[in-house]
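Heads up, the next two complexes both have chain A, just with different partners, chain B and then chain C.
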Partner chain A sequence: MELSEDLLRGLQRLADPAQFNLKVFSAVLRAALHSLSPEQAAHPALDDTVFQHIPPCHIKECQAAATTCILEAVRNNVDRAALRYLLLHNKYGGKRVTSSFVSSYCSCSHSTFLEDCKFDKERTEHFWTEYQKHRESLEILLENIGRGPQHVSDVSWRLAYEIKTNQLYKTYRPSYLVKFNLESADTSKAPDLSFNCSMEQLQDLVGKLKDAAKSLERTSQL
Partner chain B sequence: MLLVLSDEHRAHLQILTQVESAVVGEFGRIAVEFLRKGSNPKVYEGAARKLEVSSTTIQQAVEGLTYLLTESSKLLISEIDFQDSVLVLGFPEDLNKVLLQLYLDNRKEIRRILSELEPNPPHYHNLEWRLDVQLASRSLRHQIKPTITMKLHLKEDNELKTSILQTDPATLVHIIQELEQALAEMKTNHCRRIVRNIK
Partner chain C sequence: MSARFRIGTSLAQACQDLGYTGEVGYQTFLYSSEPDIRALLIFLAEKLPRHSHEDAHQPAGKSAVLQREIATKIKQQLALPWLPPSCRTAAAKRSQSLCRLHRFHVQPLSLAGDSSSKSISPERKEYWEKYLPFVSMQLPHAYSLAASLLERNTSDLSAVQEWEAEWKSQGLASRLSPEEYRSRKRQRLQKRIQDQLRQCRQHHAENHLPGPSTQDLVDMLKTFTVEEGTDNNKGSRFTHAQKFTHRQDPQVLTEQMQRVAENLPKKDTQDAQAEQEELSSLQQQIEHIEQDIQALAESTKLLHLTINKVEEEADKLQKQCDEKANAVKVKKRAVELLPDAENNLAKLQVMVDGSKQRMASLVGQWETHRVRLADEYSEMKRLQQEKEVESSRWMKDVRDLYDKIRAAADEAKRKEDLYKQLVSEYESLPKDVSRAAYTQRILEIVSNIKKQKEDITKILSDTKDLQKEINNLTGKVDRTFVVTDELVFKVGSTFISFSGYWFVCTLTCSVLSPAKDAKKDEPVRKVYKYLAALHENCSQLIQTIEDTGTILREIRDLEEQIETEAAKKTVSNLQKILEDYKAIKQENALLLSRMRDT
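Entry: the complex of A and B
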């Protein structure tokens, strides 16, 4: 986990009670979390009247710092002690905080990053509580970023009984049309995948999927 | 269901009455070969020299026989209907028997060849799967995300096409349930009744 000097400066500013009282602090934190939530488009994050007396560039800096700090913490699965340490390290001349530093200090669980970043106890607690509240949804958000094969999200099927074709009469066999609904980050790709199969082929397909499900179940019991 | 054979068709087949039944068998073999691999003019010329007729006559006879076999296979006519249809040609009894045997022996294969001519949308061919657990990505470390990666092989006009797909355990179970329902549907009374009545 690394935070740049600019961002650490933002966090320090956020910790300063002279500039940001607790009310403004929590408003910035709320705005940061809000900007990461899926509903962010519906509500502008930063039109709170509590910000009136603070230069907008400072608010911007602090919000960016808080947002990045939250995202980095989620990304690296940072625990309470490490998060506290992250803010602690800010004290030492704005050196970059690296994950190896963090992990080596993880054992010193009482060193408090937020507090030494001049975050008082109340702010540290507040930050942690809010962070915990949103952590799971942020993990999902981050998990969905990235490339991967197209994801099958559902299946539809249609059963027909084939009677004759222009080439062949009395064919008399069931015929299935199977459609996989696909989800892909790349929307230009075909939205789904359809194919035909005979009853035997569908049995083969289901058999193979069942094999996969069975070994999945076995693996999860290990 | 009887076959209706045109006069022209009958004329083309007339040569079969003038040769021995072994030769008719040979004509049958050439006709089936024609269906498998396409026409072979060299064979026609060879046969024409032996029987001292023009190669066009041989070609017409082979094509006539091929048509007789494909039409009867296409309609899947019964043994009796085939005999009755051929009766109209006025061939001797033993020749009719050779033709019937030819039809019965090759019906299955000819239907298979004809089925290749059907309109051919992508068809299931095979599925390979792999079980993965995603452990980390650039945007999120420390993940435990089981995924099933599948390689679906589809066949379209004899060409294999593959797609790489992925799904999660819950969806996999859902897909299996849905497709099992699809298979079970064929065994319902509704479907059985339809199948019984279409014959």
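Entry: the complex of A and C
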């Protein structure tokens, strides 16, 4: 887990007890988590009276940093010890060389990455509990980024026997009318997919499906 | 056949190279016997690199762990039954509902930077303070916000990494500070862009009547040149824009946003035609103004040229004037000195001589100075070279240090990963396989061995006892014989007999009946005869028994030998050898005939 320098600075600012007391800290944290929740309650109380004595640009900076930190933590599936380590020992800054060294070292592990935040114990605990509370919904949020083919939930078919066509006097061939029911969020109007195929094509399809199922099983038995 | 022989020999050679101590040759492979091959195979199997064994101990790589995780996840999901969408619980929804997927859609975000740093303009600070919306409100959806934030973080990080890589490969070698290196690179880029634009412009100027195929390109170039032409004396506008975007990306962005925000309400109120008209009128105005600007620029240029010309003329006149004034001065002085010409000439001569001497002394002084300075110069040069060498050495050290740092960081990363993996593997290992089972098994084996040892010692002691008994018995037999012999001798000595034979006979007789007289000589002799016969027969018997034992042992040995020989399949091997011999003969004959043919 890595964060860029800007975000680390934001986190560090957030850890500074002189500027952000615990109340403000938790408010910022809550706002960050709120902004990521899917049902996003209309404008969480960020411009509260709690923030009166803090320059708004700092709050903005810190909120962005906290949000990104939470997202990265979810993405990397950071465990408690690593996160704690990260939040407790934030020693950001220093000369160019050291910072580049730190960043190159940061790339090694999140534990050393969080070497940059200087969070005290109370804040870390608070961070962890809040994070735990929202973790599942955040995971779902990240899991839902992506694309996938639609799910087939049901199938119905009809067998037709073709005796002759306009062009041919006699064909005598079976043909199948297959209809796939697709899953959708709106159950009232489930879309479906229908097609017509010959026996060989249907066999091919069934064989492919069997292959897919088998390969899935093989993957699971690694 | 010869090929087989060769392969067999090479195989044997390879086995010997591996360190096989037993007998091995081509015959081992061609005419194999079971035990030989078995021993060889056991040896070779021991020599095999233990892949599977080491795999169990070596931790699997990152990808293997990932694949295992994927496998377990798939297994979990396969174990779950499919549920219709309306009956899904939260957990099932997570794995089975895919219709809520969103694309990974990234939009640029505007984030507040470090407001305490001094290089930030107050306007930007004000923007951050007052106008910048929160990150969460810049985008409409939580998922695009997440994607954008992750993307931004990653791109920032990769930019830093790229810069570091470049700095380490080229920046350090250039021996500049990072800022200098950056500014130089920017200059280089700007110069290249300018050169490119200039070339394009020249190209355009050369092709006044372009063919239809190059029309598009020329149009494009025209737009460039027009832009450049309007801002001619301030450097190209494109390069400015380039610089601007490079440095102050967010500012440009926010400016654009503000502009758009201003334009939005207007668009709403006016209808399209009015807009169009205004647009065209504005365009016309712009064109007018551009023309004006061009005309004015040209007239300014003209004026500048005339000003330059006039200044040059004035300078020339001033110079002429100064020259003339000097000439007038000299002439005036000469006229003043004319009345006393002789004296003045002498004075002039003296002055000339004096100045000559002064000149010579100055030349001497200059020479000394020059030598000193030249020495100093060479010294400095040497020092500078030394410094150069030293700095390059330092440079090398620094680079080495960088490499070391990188290597150490990599190592640390690797170790940490390994540690984590091992911990997870350790946790996943079944805990119930404890040391106790192994120790129990070992103890069992040890007790077995002890039992066997006891058996062996028992058998050994039995054998010893038997041996002892045998020894005892032989001793007893010997002793009994000696005692009997003595007794017979004693009895026999009471009778007087002269011949050796009779002496012995009487001896024997006296053993059995010492009280009997000489008349009983005959039975005594018989007794002795029987005794001797008995002894002889007994020893013969013992001998025979021993012989039987040795013969039995020999038989057993021979049987074993026969077995081993039978295991070697000598007969079939012999047949095979014969066949091979015939094959070789045939081959040889074939070769010979071929040779003759050729």
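Just so we're on the same page, the second predicted complex is superposed on the first by the 117 of 222 C-alpha atoms of A that agree within 3 Å, B and C clash if a C-alpha of one lies under 4 Å from a C-alpha of the other, contacts with A are read in each partner's own complex, and residues count from 1 in each chain.
One rule holds in what follows: contacts are C-beta pairs under 8 Å (C-beta built on N, C-alpha and C of every residue); 3 or more make two chains touch, one makes a residue touch a chain.
Here the structure is a predicted model, which is why all the values come from computation and not from measurement.
Trainee: Now for A:Phe195: first (chain B), second (chain C), both, or neither, which partner does it touch?
Mentor: first
Trainee: Look at A:Ile163 in the shared chain and tell me whether it touches chain B only, chain C only, both, or neither; answer first, second, both or neither.
Mentor: A:Ile163 sits against chain B, while chain C stays out of touch.
Trainee: Is A:Gln150 contacted by the first partner chain B, the second partner chain C, both or neither?
Mentor: After superposing on A, A:Gln150 lies in contact with both chain B and chain C.
Trainee: In the overlaid three-chain picture, which partner chain does A:Leu216 touch, first (chain B) or second (chain C), both, or neither?
Mentor: both
Trainee: Please indicate which partner A:Leu142 is in contact with in the superposed arrangement: first for chain B, second for chain C, both, or neither.
Mentor: In the superposition, A:Leu142 touches chain B and chain C alike.
Trainee: For A:Tyr172, is the partner it touches chain B (first), chain C (second), both, or none of the two (neither)?
Mentor: In the superposed model, A:Tyr172 contacts chain B only, not chain C.
Trainee: Just chain B (first), just chain C (second), both, or neither: which does A:Arg75 touch?
Mentor: After superposition on chain A, A:Arg75 lies in contact with both partners, chain B and chain C.
Trainee: Report, in rising order, the residues of chain A that make contact with chain B in one complex and with chain C in the other.
Mentor: Common interface on chain A, chain B vs chain C: 75, 142-143, 145-146, 148, 150-151, 153, 216, 219-220.
Trainee: In their shared complex, at which residues does chain A touch chain B?
Mentor: 74-77, 139, 142-143, 145-146, 148-157, 159, 161, 163, 165, 167-172, 174, 176, 178, 180, 182, 193-197, 199, 201-206, 208-213, 215-216, 219-220
Trainee: Write out the stretch or stretches of chain C touching chain A in their complex.
Mentor: Going by the criterion above, the answer is residues 67-68, 70-72, 74-75, 78, 84-86, 94, 96-104, 109, 111-115, 125, 128-130, 132, 134-137, 142-143, 145-147, 149-150, 152-153, 156-157, 160-161, 164, 178, 405-406, 409-410, 412-413, 416.
Trainee: Under the definition above, what is the set of chain B residues touching chain A in their complex?
Mentor: Interface residues on the chain B side: 74-76, 111, 114-115, 117-119, 121-124, 126-127, 129, 131, 137-143, 145-150, 152, 154, 163-169, 171-176, 178-180, 182-183, 185-186, 191, 194-195, 198-199.
Trainee: Quick check: in the complex, which residue numbers of chain A touch chain C?
Mentor: Checking each residue of chain A against chain C gives 2-7, 9, 31-32, 34-38, 40, 43-44, 46, 55-58, 60-61, 63-64, 67-68, 71-72, 75, 96, 100-101, 103-105, 107-109, 111, 140-148, 150-151, 153, 183-185, 187, 216-217, 219-222.
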